[in-house]
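All chains are identified by letter, namely A, B, C and D, in their written order; residue positions are counted from 1 within each chain.
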């Protein structure tokens, strides 16, 4: 183990000291996507930090998300039912995406394209449920960005802003996936190689990753 | 060559400028000599660094300027020298930081014997609240703030009843007693800044901030706002008076508590009518104002403004400037109003007088006036109805010749020049925008168009004009 | 080998040879054209900001003399001046302009890794400038909230431009951030992944190091500004209360409740402090190269310089609240942020020492770029040292929000980077156009600018010591102000106007020399870095011939003992000096 | 070379997929079971970090990347940790002034004397 870390340390120094490229073997697009995701991490973190701040400074009671987002199933209110389903859907989409990447590198382009379409469909259904949730919250619970009957006004503001921004990311991801899937299916990457599937995958997994944090901090906290 | 000389000129010039400069901190009036000391330490460490680096550059640019036969020395690095410089710098930094943090520790830790004073900032004036004898400030809530409750006091909180409320007037502090200043803002960020105290802190809406100091020098000090707070930022002035203990106690006795203010009986118009007889001689029986006696219209003016002006005359803040002929005539006329009750009565009576628009006597370019009035809108309202929030009186439908004269007086410092008259000073600063008499006529001519509009609105809808204008 | 495979450039260049004017100068994907587009746009909008500053100085020096400047207009001037200078001029010019021009050339790449994204980046930047300038034509004019845009003031009545102006400003910023992200991803990826053979990070010119670190800071710091802009737009338009507590504004109760104004300040400065270094680091890097080249001497302590840039970049993320010592934040933050702030002074000081030590035992050619570099060092020393006042928490208390602050930040992130930009333009103009800039006009421009700005800002610190608050439309009768202060203000205004007008010389020089300038040849300064070794001047799209250059040495082989010339280009093989190779 | 880039047996993805389901279900159960206080918060954070870790490490292939990339991506968010911690501290302070001085409803009666920091 110790030996492994010391070679890793050596590798670290070597890579940073190398000419041409620091990330050896990493295509330009992939490096750029990683750096973009890093920047995007800062965006979502600032959103979540702002949410934390307004929630912690609020002297008014914070509505209990577990009750607000409960859904009636067979006549019983089940807390966070829809959110749980959405979470599972997004995780499943990540699973199919990961396999699409795998297929791509195996040069099974039809399979990769199909799996990406499935991923996009999962994503679209996620956005659809999100829309239903917004509808329910606005129409049935009376939550507005500027106020709500349950407590602190920031509850609605943060909810709409954060899930809205995440939803935009998912929607953009769906479009991105479909475009890449189409091109993969047409065989456009036969020569260049299938890095593009992995790059698309990175974006998609990131969207899932963000949801993990939103789920924990907004819905469960 | 010339570069080296110019660099030398800059280094020497900066030093000479520093030593000849008459510009330095004002004489300190608080316990924060420690701040001055920290500035002093920082100043000298930085000054020495500046001179050394500057002179070194003079030397290199002179000695190694391009010449025949000169070759540069190839010297990639010099570990020893770099380490020495790093260590020397670190020592310098620690030398500045240590006293800085030491004093900061004192700055943020309030001594237990410090008394609370609350400072309330709003666009664009300062108000103050002192805890009464119980030593506690009562609860406040921004939601309760209104014309009748400018501090947003909770009427049910027993600890707030004896709080002393000082609205838009000078704050007095006893010498040599530490005060903990709690800052609150009604609207936007402000910053309570008295240069002589050195201490400074933002007032932030939605929370309370604090600082503390001990006044050490008797005197009157100007309060400035040091955080951009809108177009009146530069006019947001206040006054702090540091008193001896006896003077302070005497002053404190004259200040009203929240309970006293709440319990104040409403003015009695019937009693006021008798007192008004004196006023009627000049201001007219219906308070309509008379040009012949240089007396403005009173009817329809906001009661809080009338009250404030009567008090200003009584306290000698207004009508004392030697060129203010009519002001000086007015000043003794308020003396028969011997107490607060008499003032309230006469104001109540004026409130019953018919509010007919004054006749229009001023002419000017209405279009130019309209654009000049743009700067007045925020305080006086787009329809000239005045606003308690900014403590700006109604101007539309009032005697226009009087407006012209007062604008002139403000601009020339005849009115609003008393150092304690912060609201007057504010208007003085704003009135300078009106460059000449023509501009004043133009703006008043534009105000006259509002009074016609206002009358029409009043006739058709009979709505309260203040409600109308405050919305904008 | 993987990288080589990704560069089918030779064909690409032939295909992309643009023909129409629009394709050549507007839809160009050549990093050099994009750089010049960025440069011209930034300088253009910067001139607007310069005029605004002149008007502010007129009002401050001679209050009550100008009818057209009322408080509203004045606060709009300061806001637009500040925002344009910091974001749309300095950030755009240093990264969009110099970053674009220098990164591929100095790294030995053919172009940015994604030229198309790079082109879009400029177009989006252009749109953001248009939106910004549009705020002068919307009802109510631009916002007058100050460039810090602090809520609640920025979106409440009582501040100019509260309806449209603030929205155009925020939208423009958001658009700018999109543009910057597209460009910045390109610069970073190009530097990390697309250098030429032999170009290790520790052989990169310091210009590239500065631009690299600044871009990384930008990519990580601009998100905070983006987020706060989004939240403020929501507060303004649909009435959320992120930054807005219960407020009674001008006597009227508003519907906001429970928000935190301090949150905005923290987010703003979490962006704002790295932003200072986004402007400063490229200037640090570029000036190092200028000094080394024109002093014919290697930069002293290259490795220290690199690590100082990295250290400053990292530390810049944990010093932000030193802008907020008197903001009413948690009082104990003062200890933390004062300490981190003064720690950052150490690497910064090392950079200053190394610049001056490079001059020691050098052979200083007093060219115009060298003049600007020397002026930068002395200006930066003053600005940096006064920064220690403001960073040292308790010393900041009497000085914050006074003219000391104005003088400090103009010295350190206004004048200093601008001096470097001037020096850099005099230095690289020959490569961009093939012509030298006129030397005499350059000298004149330099002396007026350098001495003039020093005369503006050095005395201004003393206004701050007196306690004169900043952002005052007019001081009027103020207890701390006497005749001498008024006189000082007038003197500063006159100096400012002279400096402002003198910039016409610079613009004139740019235009005049383009047509009438002396031919420069490929390497007029005898510099070592790769951009001077291109086969053509100005380099064509693709930069290099069929083979990319190979790098054999660091960027600072000046006056190497025993060498034929007093410089050895980076791409020169080390055949003749294998034995006594001085470079480790 | 791209073909050999990030190719791993497909079974590992199924494993992780399943694990993510389990962790999601577990964190959901934290809410369903009604745990409160520190137990709730720490469980939420643990499951969240596990999920995030697996997504990044396996799905995004971080585990197989070279150390240079891992460090370049994982270190900068450290700045965010500083931001989050300080903002938490700051929020707590703001909240306290609201309770102590602005008479927010949660304030206990009678109020403690004004505290000095």
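What we mean here is this: a residue touches a chain if its C-beta (ideal position, glycine included) is under 8 Å from a C-beta of that chain, and two chains touch if they have at least 3 such contacts.
Computed from a predicted structure; not experimentally measured.
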Core chain by centroid distance, with centroids computed from Cα atoms only: C
Centroid distance [mean C-alpha coordinates] between chain C and chain A, Å: 34
Cα-centroid distance, chain A relative to chain B, in whole angstrom: 51
Sites on chain D at which at least two other chains make contact: 1-2, 76, 83, 87, 90-91, 94, 98, 102, 117
Residues of chain A whose C-beta touches two or more other chains: 16, 22-23, 25-27, 31, 38, 42, 45-46, 49, 53, 57-60
Sites on chain B at which at least two other chains make contact: 108, 141-142, 206-207, 209
Chain contact graph, described as a line, ring, star, complete graph or other shape: other
Touching residues (chain side chain D, partner chain A) in the complex: 1-3, 5-8, 10, 13-14, 16-17, 20-21, 24, 27-28, 30-32, 40-41, 44-45, 47-48, 51-52, 55-56, 58-61, 65-69, 71-73, 76-77, 80, 83-84, 87-88, 90-92, 94-95, 98-99, 102, 104-106
Interface residues, chain C side, partner chain B - complex: 63-64, 67, 70-72, 75, 144-146, 150, 152-153, 156-160, 244-253, 258-262, 295-298, 300-304, 326-328, 331-332, 334-335, 338-339, 342-343, 345-346, 349-350, 352-354, 356-357, 359-366, 371, 374, 377-378, 381-382, 385-386, 388-389, 392-395, 397-402, 447, 451, 454, 458-459, 462-463, 465-467, 469, 471-480, 484-485, 488, 556, 558-561, 566, 582-583
Residues of chain B that touch chain D when the two form their complex: 108-110, 112, 114, 116, 136-137, 139-142, 154, 157, 159, 180, 182, 184, 206-209
Residues of chain B defined as touching chain C within the complex: 3, 6-7, 10, 14, 17, 21-26, 34-35, 38-39, 42-43, 45-46, 49-50, 53-54, 56-57, 60-61, 64-66, 70-78, 81-82, 85-86, 89-90, 93, 96-97, 100-101, 103-105, 107-108, 122-123, 141-143, 145-147, 152, 183, 186-189, 191, 193, 195, 198-207, 209, 221-222, 224-235, 374-375, 378-379, 387-390, 413, 417, 419, 425, 428-430, 432-433, 435, 439, 470-471
In the complex, chain A residues that touch chain D: 8-9, 11-12, 15-16, 22-27, 31, 34, 37-38, 41-42, 45-46, 49, 52-53, 55-60, 66, 79-80, 84, 87-88, 91-92, 94-95, 97-99, 101-102, 105-107, 193-195, 198, 201-202, 205-206, 208-209, 212-213, 215-216, 219-221
